[in-house]
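Below, chain A partners chain B and then partners chain C, in two separate complexes.
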Partner chain A sequence: MSQGLSGYWSRPIRRRRLIAAGASSAAAAALLAACGGSNNNTAKVATKAAATAPATAPSAATAASSGTTAAASPTQAASPTAGAALPPPTGQKGGILRAQIPNVFDSTDVHRALGDPTLWTSNYLYNKLVMYANPDEGTLEPDLSEKFEAPDAATYIFSLRKNVKWQPPVSRPFTSADVRWHIERQANGKLLDGSDGGFTRQVFYKTITNIETPDDFTVKLTLAAPNGTFLDRLAAYFSTLPNKETTEKFEATHRTLTEEAMVGTGPFICVQLRAGQEVKFKRNPDYFKPNEPLLDGWVAPLIFEDPVAYRAAYLQKQVEGWGSPDPSQTKAVIDQNKGAMTEVLTGVGNTVALIINRNTQFKDVRLVKAMNQAVDRQKLIQTFHQGLGQNSGIVTWLQEGFAIPPEELGKLPGYRSDRNQELKEARDLWTAGGGPALGDVDITVPVTWLANWPDTPQIIAKMFNDNLGVSQFKSSQSDYNKDIIPNLGNGKFPHWFGWISQVNSPDPRSDLRNSFHTKGSTNYNKVGLLPGDPNLDDQIDKATTLVDLKQAVVAVRAIQDVIMANAMFGNITLYNYISRTAYWNYYHPLLKAQAAAGNPAAGFNIFAGHLLARYNWIDTRDPSYQGRPPASL
Partner chain B sequence: MAMARSEAAAALPEVIPASARDRPAGRRALVRTARFMRKRKLGAFGVVLVIVVLVAAILSPLLQRYDDNRQFLARNPNYQAAPSGGGSVLAQLQAGKTANDVSEFVTERFQSPNGTHWLGTDAFGRDIYARIIVGARLAALIGIFASLIAVTTGTVCGVVSGYFGGLIDLFFQRVVDGVQAFPALVLLLLIVQVFKTPPLWLTIAALGFLGWATSVRVVRSAVLSIRQQPFIEAARSCGATDIRLMLAHVLPNVVAVILILFSIGIGAYILAEAALSFLGLGPQGVTTWGKMVEAGRNGLDLHPWESLFSGAAITVAVLGFNLAGDALRDELDPRLRGR
Partner chain C sequence: MRRAVGRYIVRRLLLNLLVLWIVATLVFFAVRLLKGDYVNERLGANLELSANNPVAIKQARHELGLDEPKWQQYFTYLGQLATGNLGKSFETRRSTWTELGERVPFTLELGTLIALLSFGVAIPVGIISAVRQDTWADYVLRGFSILSVATPVFFIAIVMTFFTLKYHLFTIEIVKSPHFWTDPKAAFFKYLIPAIAGGIAGGAGIMRLLRSQMLEVLRMDYVRTARAKGIAPNGVILRHALKNAMIPVLTVMGLTVSGIIGGQIILENMFGIRGVGNYLLYTITNRDYPPFQGTVIIIAFVVVTVNLLVDIMYAWFDPRIRYT
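Now for the complex of A and B:
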C-alpha cells in the first residue's frame, strides 16, 4: 500500500515516459538494485536471532567494507527473515557503466522531491546515516555514521565518521551540524523565505523531539514515542543527506536541473544533470569508503520511449542491460545469446493495485468486497506478465517475513483458486450492496501503465462486467499528476488500476500506519473515519513501537487480518510482478544471488542502488566485451 | 409494361446500343457491371475489396466468432502447486522452474494460426481474427463518417465560396489556407492531445475537419467552371434565386466530383486513423487495426502474426477504397470515360 514517507500517493509521475520504461522500470529497478550472496535457508535461520536482537553486530564483511569495528556497530534487521550478509566486492576497477535510470526528475532537492527518480539518483551521489546492507532482508550497516546505538526505541545515538568530506565545490568536512540541519529543515517545513516548502517527509521528522550534537561527530536523537521502524526509515532510499550550502543556494530553483545543485558525500559526483540530456556521474576520488566505487563513471542515456529502440541499443552494447515489457522476448534474446548474457529475475517493488475510492461511489463495504473478489489476480498476472508474478496481500510477498503466507492468503476472499465460488459471492455482494444502482463505474488506468500495456482499459472493463454479470463498468485513462495525485487529499480521486507504492522496506509497519491509521498521512480512503469502519489506531500505534521483530510480526499479522477482512478498505492490493532482465556477461550488476546451473540470477526486490558503487563492475576480459562501443563521460 | 419499357429505352442516349436499351433494368445493370469490370479491372478488384471490408464490418457480430477482448485461458497441465512453505514464485523461478510451471492457468498467447484461432492469438491470448473483424467495423465507420463530414461540409462551403466569389470566397479560401498550412498529422496530434482521451466521435470529427479543406478547394474549382456555363445564366435570367441556382443547377453538376472525393477519402481516413492509433492517440477503449499493428510491433520477429494480419487488413481496406475511387473517377469524368 501507500508508503508514507516516500508517498507514492503524492508522487508525481511527470510524463508518460517515467514508467514508460515501466516494465522497463522493472528492468531499471533490477539494474539499480541488486547484489548478493545469500540464500533463503541461511537467512531464515539467522532471522530468528535477528528478531530477538535488534541491535546485533554487523558481519565482518560489512564491517570491513564500511570501515567500522564490528563490536561497536549495532545493526537492526527490519525483516524477521533477515540475516545473511553480502560478500565483499571483488570486481575489476575502472570502466564506465551505461545504464538508464528513470531520469524524469521533478526536483534537485531531495527533501522536497516527490518523484522517485530524484530520490533514487541521490543514492549514487549522497549517503544516509545508516543504510541497508541487504535491503531485502533489512539488515543495516552504518553509512555516514561510524556506529550507532539505540539504548531504547526512542533514543538513537550516531557517531559520525571523521573522514567524510562534501564533494567539490563545497569540500568541507561533514559534521553533526549537517545532520541537525537535515532534520530541522524537514521537521520545520520552512524555506529560507519563511514559506512552506512542501517537505514530503515532514511528519516523520517531526517525531524527533530533541536533537543533541555534543560535538562535531555525535548526534543524539530523541523521539516523541518509541518507534521500532525508525532506523528502517533512515535507511530507506528517501533518507539521503544533501549539502546545506548547495541546497539553500538552489532552493528557489530546485525544479531546474543542474549538476551543481546535487552535491553530496557519495561515491559519485554528478557531472551532468540537464533537461533532455544524458545524466553523467564520475567517481568521487575522495570517497570515504575505501575501494569504492569500482566504476570510473556512469552514463545514463535518456529513457528509451520505444521498446524496440531500447532492445536495439542493448544488442549493440550501447547499454549493458535491458528488459522488455514482454518477458518472453527478453527470454528469447537471452536464449539466442547463450553464454554471452545473464538472466536476472527481480521482484518489482511497484505493487499493482486496484484503488477504489470509498468517498464517492463505494461507500458500502460490500461493494468493495465484491470488487476484491471479482478481480482475477492470476489472470492479470498471466495477461500482463506472462505468469511472472505472485498475488500480494496488503503486505506484499516481497516483505515475506511480515506477509501472510501464500497458503493462508489463498484461503482469503479474492485469493481463492475456486473462481466460481468467488464470483458467486462477488455477484451476491454487488447486488446486496446496491451495485447495479451505481450507474457507470469508471476504473481508470494511468497513462504510464498504458505505455506498456495499451489495451488495459478494455481488459479491465470486460473483467468486471463479465465477473459481476453487469455492463456498467467502463475504463478510461487517467494521469497520476493531473487526475489522481491532486485529488487524493480532497477525496475526489478516480478509481484506478495500476502501480502504487514502491515497497521500500521489508518492514511494512510505516506503510500500514500511513494508510490505515486515522492520522495516517496517506489515509485517503478515510479508514477508521467512515461509518462502520473498525478503528485500527491502537493496534497500529502499538505495533510501531515494538522493537522485537517477532512481536512485531504477530502485531502486523493481526492488523492485516482486519484489513484483509474489509477488502483492504478499497486499497486493494493485487500482486507484485517479476521482471526479467538481460545483461551482457561483461557487466556484473548488483545481484542478490548469482546465476548457477543454468538458473537465472536474482536481483534485489527492494531498492538497493546505494550498493551499486560497491558491487557493480565491468569485466573487460569477458569475451562478450568485444564489440562494446567505447564509453566516455 | 412492355410499352413503358420501350418508352424508357427510347429515352436512353444513343451511345447505348438498341439491343441494350431493350434489356430489363436489372439485366442492364449487370451488363454495365460486367463492362465496368472488363474495362476497369483494377477498379473492379478495388470494389471487391471494399465489399469484403464492408461485409466484414456490417456482419462482424456474426463473423467474429469470439468476443474481440476474450482472453483464452487454459488449465496448465504442467502446473504443480508448490508445497506449503515451498517459497515464493520468484524463488521457484530462480530455482529453475519456468513461468508455466508455476501458473495454474496460462493464457493462450502468441499462438500461430490454427484451427481454433484462424489468425493466431495476441500477447493477451485474444483471437486476432476476431479483433480484425471488429476492427473492420471501426475502420469502415471512421472512414465513411470522416469522409462524409469532410465532403458534406466541404461541399457546402465550396459551393457557396465558388458561387458567390468576392469577399465570401476570399474569406473561405483564407480559412482553407490556414487549415492547410498545418501539417495534417501535427494538427491531428494537437487536437487529440488537447482532448487527452479522444472518444471515437472526436477522432472522426478531427479527421473530417482536416479533409474539409481539400473538399472545399476541389468543389470550389468545379463550381467556378460550372457557374460560367450558359445554362446558369439562362436560369438566372428566368428569375431563379441564388439558393435555387446552387441547389438545382450547380450542385447536381458537381456530384461526380463529390462522389470521387468521398470514395477516395475513405481510404485516406482509415490510414490516418491507423497512424493515430499506432501512435497511441487513436480512439480509446476500442479495437483498431492501428493499435494492433503497434501492439505486435515490439515482438515482430518472434510473434509476427498480429502486426502482419492487421497491417494486411489496413492495406486491403485502403487499397480497395483507393482503387474503387480511382475507377469511379475514371468512370464519371467525361474526359477519362473512354480510356
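Now for the complex of A and C:
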C-alpha cells in the first residue's frame, strides 16, 4: 500500500529565507529572517500545555477525538480526525484590514502554481473539502463537505454542503462534479490542448483510483493503497478547489494576474489582483458559513522592501501588524507602546538542521550520535535568532499533536541542559567511532543561509572543534542547486547546516516515511539499509494507514523513539525559530493563545489562513483605534 | 559655426550609440553572472516541489526563454533593442515600457522636487557664501554644506522620519502611492522628507563647487572692470560672474539630473515610492532580467543625452568654446 506513495509526500525543501512567517494570521506581514543581535530575548511559544484558549479562538488543548460529537456539529460524529467544533465568530463585524501578503504570484492556477503566495492567497478565496480546526494539532473540520467518513484508510466519503455557491460571475451551485474535475484534472496532468500542464500535485491525485459521484452532493474516493494521511493532505493550504470555468478560461494565460481568474467559493472575493498593484479582497455576501467573514474587506499593500518604510507605516497605523528583521526592535517598539500593542510569537516553519551524510565518512552511527550531542542547539538559537527559538526533535515542536513534548525531549541525548555530560559523551562516542581518523570534516553552509549570517562557517567549525576536542572540522560554502540537490540521490551530498524543509502539515507521517522507510523517496541516508540500522518499515507502514489521529500519534511516537535513539540517522533536526510580530490592539488576528500573565500571545505555527475570515476582526471601540487612517477598497 | 556644431552633435550621437551598446552588453552578461535565475529565485523556491516537478520547471524556463544558450539570448535581446523592445517582465508578463511607464512619474515627481530644492537652495547659498566670504554667514553655510556632504542621504532621511514620527509632526504616507495631480496633499507629505533629504545631499556639493568657482571669477579683471564701470553689484554678480562660474557647475547639475532620472534607490525604498530606483532593486533581487536590463539602458540613454545637452549648453554659456 505504501508503494503507492511517492515523492509528493516529501516536505518541500526551501533554500530561501522565509518570506511569510505569519502563518498564524494571514494578516501578518512578510518577515525577514532575523539578523544577529545581542539582546537576550529568550522566549518560548505557548505550547499545548501552557496555552489558555479564549472563547474566540480554537482551543489549543483540543485533542483529536474519535467518534465524539459536539452537539453543535453532529456531522463530526463519523469523522475520526475531528476535534471539537470551532468556536463561532464573535468579533465585531466590519472594517477593512490593511496587511501585507507575500505577493509574488507566479500563476492564477492553483493546480499549477509553483510558488506559495498563490496557494496561500487561495485560502481566503476558495475552500477545501476539509480544513484544519487546529493546524498545529491536525484536527480536522468539514469545509466544503458537511460530513466526511473513512470506512477504511483507502476509502473516503464526503457529503458536500448544499448551500455553497461559486462567486460571481459564475454564481452557480458547487457540486460533486466540481470535485471530480478538481481531482481528474490534476491526476491526468493535461491541459485543454492536450499538452503537459506541469501539475504540481499530480502524483498525489493519481493515488485516487476511483471517484464516485452518485449524486450532486456525494463524493466517494477510493485510493490505490490505504493512506491514513489522505485527509491531512486535503486540508493543507495547497488543496483549495478552484472553479472549473474560470480556470479553463484563463488556462493559457495563467501567468498573467487578474482577479477574474480567481473565482472561488470562499469568504472573500478578489477585487484586484494585478501586477504591481495592491491586492484587494471584499466580503462575499453569499458565503455559506454564517457570520463570516467578520471583515468587510482587505487591502494588501505592496511588499515593503525597506524595514524603515514598513515600520513607519505601522507606527502610523497604515498597516495593522509589523515585525522587524531584528526581533529586538520589534520588542522595543512594543515595550514603548505598552497597552496599545500586542506581541505575538509564532513558530517559523523553516526547520534548521544538521545533515550528516552517512554514505561517506559517517557510516558508524556513533559518529552521528557524537555530532548530535556536540551541536549546541541553544547556543545557535541565541547566536542567530537572539534566543527566539525552540529545540525540535525529528518531529518539530510546531507539530504539536505529534511532537515529543518538550519536557520529555529535554531528557534525550542532544537536548539535555547538562552540556558537560553531553560533551563528555559526545567525545567518547567520537573516539569510539573512529572520529579522529576521519581527517578533515567539512560542514558546509548554503549560500542562502550565509546571506543572512555570513559568519556561520566560523561558528560551526569552532563549535564542533571545541566541543569534540579536535581540530579537524572546517566549514565551507555550498549551493543547494549545485552541490546538494543534484547529489542527494547518489549519496554524494555534502554535510550541511541550514534550512531543510518547510513544515506544512501537522502530520509528520509522510515525511517520516519518505526519510526513514527503506523505499522512501528522500531516504538519502539509507536508513534501514546500512549495517546495524534498525528497520522501521513495518512501523512506518502501519502508522501511515491509521486514520484515527490518537492511534497515529501513539504509533509515530514509537517511531520517533527509535529515530531519536539513533541521532536521527544523520538527519539531525536542531530547532525551529520564532518570529515576533507587533499588532495594534484594535486589530484582533487569529491567535492560538491570547497574551496572559506576562506571556506574549501565540499564533498558529502552521498556516491557518483559512481561519482568518472567522476570527480576524477590527475593534473600532479600542482606544488604540484612534488615529487610524480610514481604509477603503 | 552651425555646421561645426551639427557635425559635433552627429559625432556625439554615434558615440552615444556605441556607449549604449557597450552598456547593454555589459548589463546582459553581468546579471547572468549572478547566482540563480528567475525560475530558481521565485518559482523554484520550493525545492522539493521543483525536484518532483521537472516538467513544470522546464516549462517555466522555456516560457521565459531561459533554456536557450546565452549567445542566442544575447542576440535575441539585441534584436529586440534595435526595435525599441525592452522585453517583458518575467513576473508580471508586461512590457518593460509599461512597467517603467507606471514608475517614471513617481521618480520624476521626487526627482523634480529634489532638483528644485538642490538647485534652488544651492545656487543662492553658493553665491551668498562666496560674496560674503569669511563672514559668519559664510562660515555657517560652509559648515552646513560640509555636514551635508559627509552625511549619507539615508541617515538624513531616517533622522527626519524619526523626529516626524516621535513628535507627530505630520503623517508620512507610506502605503499609498499618490501623485500630485491625483491627491496633492497626500503626495506632498509622501515626498516631503525624501525631497528634503535628497535636496540637502544633492545641493551641498553644488553649493561648494559654485562657491569656489564664484570666488575665482570674482577676482578676475573683467569683474573689477564691470564694478569700475558702475554696474550695480547684483548685476556684476548675476550677469558677469555667475555665468562663467556656472560652467563646471553645469556638469555637476547634469550629473545630478541623470542621477535623479536613474531613481533615488535608497529614498524610494525607504518611503515606499514605486519609482525607477525601487524597481531596479526589485528586479535585480528577483533576477527579472528584461526590466532590469531595459531600465539600465534607459538610464544610460538619459545620462548620455543629458551629457550631450550639457556640452552643447557650454557653447551658449561660453562663446569661446567652439566645436570643430
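Quick note on the criterion: the second predicted complex is superposed on the first by the 352 of 633 C-alpha atoms of A that agree within 3 Å, B and C clash if a C-alpha of one lies under 4 Å from a C-alpha of the other, contacts with A are read in each partner's own complex, and residues count from 1 in each chain.
Keep in mind that, in the parts below, a contact is a pair of C-beta atoms (placed from the backbone, for glycine too) under 8 Å apart; a residue touches a chain by one contact, two chains touch by 3 or more.
Note that the structure is a prediction, hence the values are computed from the model and not measured.
Chemist: By the touch definition at the top of the document, which applies to A:371: first (chain B), second (chain C), both, or neither?
Modeler: Neither partner.
Chemist: Is A:611 touching the first partner chain B, the second partner chain C, both, or neither of them?
Modeler: After superposition on chain A, A:611 lies in contact with neither partner.
Chemist: Applying the document's definition of touch, where does A:106 land relative to chain B and chain C: first, second, both, or neither?
Modeler: Touch status of A:106: second partner only.
Chemist: A:308 contacts which: chain B (first), chain C (second), both, neither?
Modeler: A:308 contacts both chain B and chain C.
Chemist: Does the superposition put A:348 against chain B (first), chain C (second), both, or neither?
Modeler: neither
Chemist: With the two complexes superposed on chain A, say which partner A:329 touches: chain B (first), chain C (second), both, or neither.
Modeler: So A:329 only meets chain B here.
Chemist: Quick one: classify A:602 as touching chain B (first), chain C (second), both or neither.
Modeler: first
Chemist: A:417 contacts which: chain B (first), chain C (second), both, neither?
Modeler: In the superposition, A:417 contacts chain B only.
Chemist: Using the superposition on chain A as set up above, list the residues of chain A that contact both chain B and chain C.
Modeler: Shared contact residues on chain A: 308, 479.
Chemist: Which stretch or stretches of chain A touch chain C in the complex?
Modeler: Residues in contact with chain C: 6-8, 10-16, 98, 104, 106, 112, 114-116, 196, 198-200, 203, 255-257, 275-276, 301-302, 304-306, 308-310, 312-313, 315-316, 318-319, 447, 479-481, 485, 501-502, 522, 629.
Chemist: Under the stated contact criterion, what part of chain C meets chain A in this complex?
Modeler: 35-36, 40-53, 55-57, 59-60, 63, 89, 91-94, 99, 102, 158, 161, 165, 171-175, 269-272, 274, 278, 281-282, 286
Chemist: So in the complex, the part of chain A that touches chain B is made up of which residues?
Modeler: The touching residues are 40, 307-308, 324-329, 332, 345, 347, 378-379, 381-383, 386-390, 397, 400, 405-407, 417, 450-451, 454-455, 457-459, 461-462, 474-477, 479, 578, 593, 597-602, 605.
Chemist: Per the contact definition, I'd like the list of chain B residues that touch chain A in the complex.
Modeler: 67, 69-71, 73, 82, 84-85, 87-91, 93-96, 99-100, 102-107, 109-110, 123-125, 196-197, 280, 284-287, 291, 294-295, 297-299, 302
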